[in-house]
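Following this line, the structures themselves.
Two complexes follow with chain A in common, the first pairing it with chain B and the second with chain C.
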Partner chain A sequence: MNMLNPILARLKKMPRAALITIGLFVALGTFAPWLAPQDPSAQNLLEAGLGPMAAHWLGTDHLGRDTFSRLIIAANTSLVSVGSVLGIAMTIGIVLGTIAGYHRGWVDDLLMRIVDVGLSVPSLIISLAVIGIVGPGYWTMVLALALAWWPMSGRISRAVAVSIMSKPHIEALRVLGASPWRIYFGHLLPGTIGSVMVYATADAGTAALAVATLSFLGLGIQPPTPEWGQMLVDALPYLESDPRQVLLPGLALTAAVIGFNTLGESIALNRIPKPLTRRMLAARRLEVASWDKENSDA
Partner chain B sequence: MTQAPVLKVENLQTRFKSVQRGKFVHAVDDVSIELYPGEIVGLVGESGCGKSTLGRTIVGLEKASSGRVLLDGVDLSALSGAALRDSRRALQYVFQDPYSSLNDRQTVGEAIDEALVIAGTRTLEERDRRTKELLDQVGLASAVRDRHTRELSGGQRQRVAIARSLAVNPRVLICDEPVSALDLSIRAQVMNLFLRLQKDLGVACLFIAHDLALVRQAASRVYVMYLGRIVEHGPSQELYDRPSHPYSQMLLASAPEVDPRIEKHRRGPLMIGEVPSPTNPPSGCRFRTRCPLAVDDCAKAMPPSHGLSPGHSAACIFAADLHRGKRSALLHQEASAA
Partner chain C sequence: MIHFISKRLKHSLVLLFMASLVCFTLVVSAPGNVAVLIAELRGAVATPGYVEQVAEEIGLHKPLLMRYVDWLGDAVRGDFGISYRTGTDVSADLANRMFVTGTLIVGSAAIATLISLALGFLGAFWPYKLPDRVSRGLALLGASTPTFFVGALMIYGFSVTFQLLPSFGFNGPKSWILPWLTVAVLPAAVLSRVVRVGLEEAMTSPFVLTAKSKGLGRTAILFREALPNITPLFINALGTQVGLMTATAIIVEPLFAWQGLGDYFLAGVRFRDFMVVQACLLIFLTFFIVVNLIVDLAVLLTDPRIRRQWS
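Here is the complex of A and B:
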């Protein structure tokens, strides 16, 4: 129990509602195949469009599939795809960002100009271009989003790496005659990963939204795999006759996005030096806002 | 001083690009110093005069734009890569701020162990033994080993930092105000520890400080730096008793006295004006803009260093007069103020 105390103390500082929402999301997503009461793809047209009842707790969709099971499996889809997108994007971003932060000079200039190019093109446009070339599909979507996402994490990693590199403890290592490998892998990389992971939490909400957006447009996760964005588009024709079908996946998505944003920002504000966090969060909010704008245009 | 110097710095120059386009900040300009084995040499001067930059350039944290650093007669500027790292390891640096010079993620044991690994101590038993020995030398209990450095006090951290630099068996230690970030009560402890270690291990030490009393107590010789140049150097007893450069005279006189009776009669105000910009230093003698003795000749050329007595020299055209007490920057200052 003693080992848990510091973790519990840290958890207490976070916004409780967001923590519960994300905890629920992660738990449901992880154990979805065992938790879903029914086969999410089993169709039964005789039971299509039914409201909540004992057999189907949250009702059924237009093909008679169990909405509750589909929502749970969709949490899994969302969790896995968001995790992969952020995993790939963070890896690319951290590698390039730390190399730029370590070397400075022309390497830094070159890599950061590439990042600038990446940041200047709206991420949805990059994703759409990649999907347009390769064709829609699950892994295409993950790669497309990762490609659109890494410049942001590259920028953050570089900022963190530069601040670590200028610390006297790195200078002390250089005076001791440590090899560049030791400084990079032993001190710079672990330090950067620790800080950048915090931003990953804050980014997860936006990434979830992006996955749902692409699926909504039919460019991401393909049927019959349940996904919130795709459930929304399936239910759209019944918006007036049966708003429940639209509301449920919409609410699930909204809760996940808001939960990740709130949780991520509170972690970031607690863990990272203030001025850096403010700038990064402001930049990230702009990013989120641009997604909304692009979506309404699309 | 018949021994060969362990560290010889020849005409070292460090400049940084200025914010003004095409201009340079001459932080260290044509500085030559020597350190003999086992001695403590003080380096004093106002903040911003280039003391720290000089120290950082010697250990390679800043790039010298010209000049040489010779360690045991080996020219470090001729080496590169692993050979440079191996040679330069004998030059160690103790940072001013013990809070940022240690990695917070490491425990004390890990920090020292890493230094030992870098220095090439391969076996685990050997490193374990040396870590214990080093902690003992700097007066820390071996229980501290498993504590994270962030859990320690400033004094303890500075002890760990000293232990870490000693782990690689340095011949020269450059201490950049190693105690000025510490509490007064801790300061004396760490300073005494440092002096004892320096004596026991026979490490030569360049002691950078603006605490003049501390330097007088610790150092056998002193270099006085002003605006990137050494203006005077000599044995500390003689330099403190008979400072022979107007800047040294004024710097020493501006240090407050502990005894209030003396302090009351102290001459002042002494140092006037600001340090000129190192981007655009005055022509000739750099101190002339603030010097009460300045004459027209001072602006023409940098005054050469005048030897005054063995090991004591000052770069001022009046150095001989000042040394003999025929002139005094302080009296002159008072006379012109009156």
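Here is the complex of A and C:
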């Protein structure tokens, strides 16, 4: 529970529309196999390129596959890949970040230099370089993206770890003679994981975008597994005759990313004190005036 | 000033050295035998004897350090070896492709600068009013829409529906507009927020209060006081975005059938053509380092506070 508390506290401050979008995405992704009305890979060339109708709510693609089912299953593909990427990246980032934050000194310097370099090169170029050397495939994609993603969580967890290490209760533990293991696993790690996970959720949008981009380039999720980016590139040659098949997966992906980005922005904004507006200043003045009154009454 | 520049140059050289090490290690650590690949490329059956001969020829038996020095020496002189897939000289392909990608990045950077300044100023002029909300909404939309989807929408809107602009090819300014716009959307969105937030911060600083008390108008304050103040900030953010454009180019170039560096890199990745991947990666990394250097020097020129610190 200790780990969940910061998450729950922050959840209350987040924009509701973004939370609903993300909730919808996660729910669709989780229950996709039961929600999809038809087999997403079943081809029927006689029914290719149809418009919306009772049997196919959003029409069919150029191979006669049901677009609605494919969009839903794609949410699942996306969710699973993003989850694995962020899971691996966060594990690497949290472990290295907390080690840097615990030890400081040259370990910290070295790790943070690596993080700096990792953050300054676009993640797409890092992951493509890895794929180019190892060869394409699902797990190559996940690992390549995780490799491009860990510096982000590494930097955040290092910052959180440093702030935890400077808190008085850690000093008290040291004075009491607690072992480094107890401080690390009992206090530093649990405290870091909670905060880093909040940031990682905000990052999920860019991760979903990266998965879709790699699939769009033909180096991520391979057909016939439906994925939004890959559905889009699949339908691109038929843009002129059937633009719906390009628009729908694009819109679905954009909606998911907007949800995560709005969430990320609100998380970032919660950290930065907002400038006072005129109305807030007036309210503050009134409040200060009332303090004065209370004091004089007493 | 001179001290700063020389320090910064040294820093860049160290980074360049590290970048070259990364590129070299990536290819050396690649699984599979390079000699077999080359032997097969030359159309011969890869008999052990022939593979051995090829390995000897390209220096696979030399110590790693020697191979690195040889490779770096060639790379500095602009020789990136031959493509494993086509057998052609990588350097010969590079020159032309660098021009294509250069056109893409320069045009997009200019468009992104214009759009972001316009949106940012709109928001800062009417803070928390309708124009600000519109500009913020556009920024969120631009930053969240996948680049390949933006490209598809551009093609659908401008080429398919209205048939105004060509949807592919690299011939003349008319065919450059759509790729430019596609690449510019994301940086324009991000930069508009930088401008908006930077202006807001500048507008709450004491020197603006002074300007206000002098009786200066809002427009005058925004352009004369706040704009010079956010210039270093903007240049910094623009530099980051220009670096990111190399990644966007990888997506956009194939979409519009441009034969640029991004397209080359992607083809190299697809066919595991290590020499191409290596050469492109080295060029990209060098590009980031050079852009960062230029940004730091430009910030030094535009920010008197930093200039004073170093003089």
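Keep this in mind: the second predicted complex is superposed on the first by the 251 of 298 C-alpha atoms of A that agree within 3 Å, B and C clash if a C-alpha of one lies under 4 Å from a C-alpha of the other, contacts with A are read in each partner's own complex, and residues count from 1 in each chain.
We adopt the following convention: a contact is a pair of C-beta atoms (placed from the backbone, for glycine too) under 8 Å apart; a residue touches a chain by one contact, two chains touch by 3 or more.
These figures come from a predicted structure and were not determined experimentally.
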item: Fit or clash between chain C and chain B when superposed on chain A; value: fit
item: Touching partner for A:L176 - first (chain B), second (chain C), both, neither; value: first
item: Partner chain(s) touched by A:I133 [first = chain B, second = chain C, both, neither]; value: second
item: Which superposed partner A:P190 touches (first chain B, second chain C, both, neither); value: first
item: Which superposed partner A:S153 touches (first chain B, second chain C, both, neither); value: neither
item: Contacts of A:P168 with chain B and chain C, given as first, second, both or neither; value: first
item: Larger contact residue set on chain A - chain B or chain C; value: C
item: Partner chain in contact with A:V117 - chain B first, chain C second, else both or neither; value: second
item: Chain B versus chain C as contact partner of A:T67, first or second or both or neither; value: neither
item: Touching partner for A:G229 - first (chain B), second (chain C), both, neither; value: second
item: Minimum C-alpha spacing, chains overlaid - chain B and chain C, in Å; value: 16
item: Overlap of chain C and chain B interfaces on chain A (superposed complexes); value: none
item: Residue numbers on chain B that touch chain A, as the complex places them; value: 59-61, 82, 85-86, 88-89, 91-93, 95, 97, 100-103, 105, 114-115, 118-119, 161, 164-165, 168
item: Chain A residues within the chain B interface of the complex; value: 167-169, 171-179, 182, 186-187, 190-191
item: Chain C partner contacts - residues on chain A that touch it in the complex; value: 117, 120-125, 128-129, 131-136, 205, 209, 212-213, 216-219, 229, 232-233, 236, 239-240, 243, 246-247, 250, 253-254, 257-258, 261-262, 265, 275, 277
item: Residues of chain C that touch chain A when the two form their complex; value: 18, 26-27, 29-31, 128, 140-141, 143-149, 152-153, 155-156, 160, 200-201, 204, 243-244, 246-247, 250-251, 254, 265-266, 268-270, 272-274, 277, 281, 284-285, 288, 292
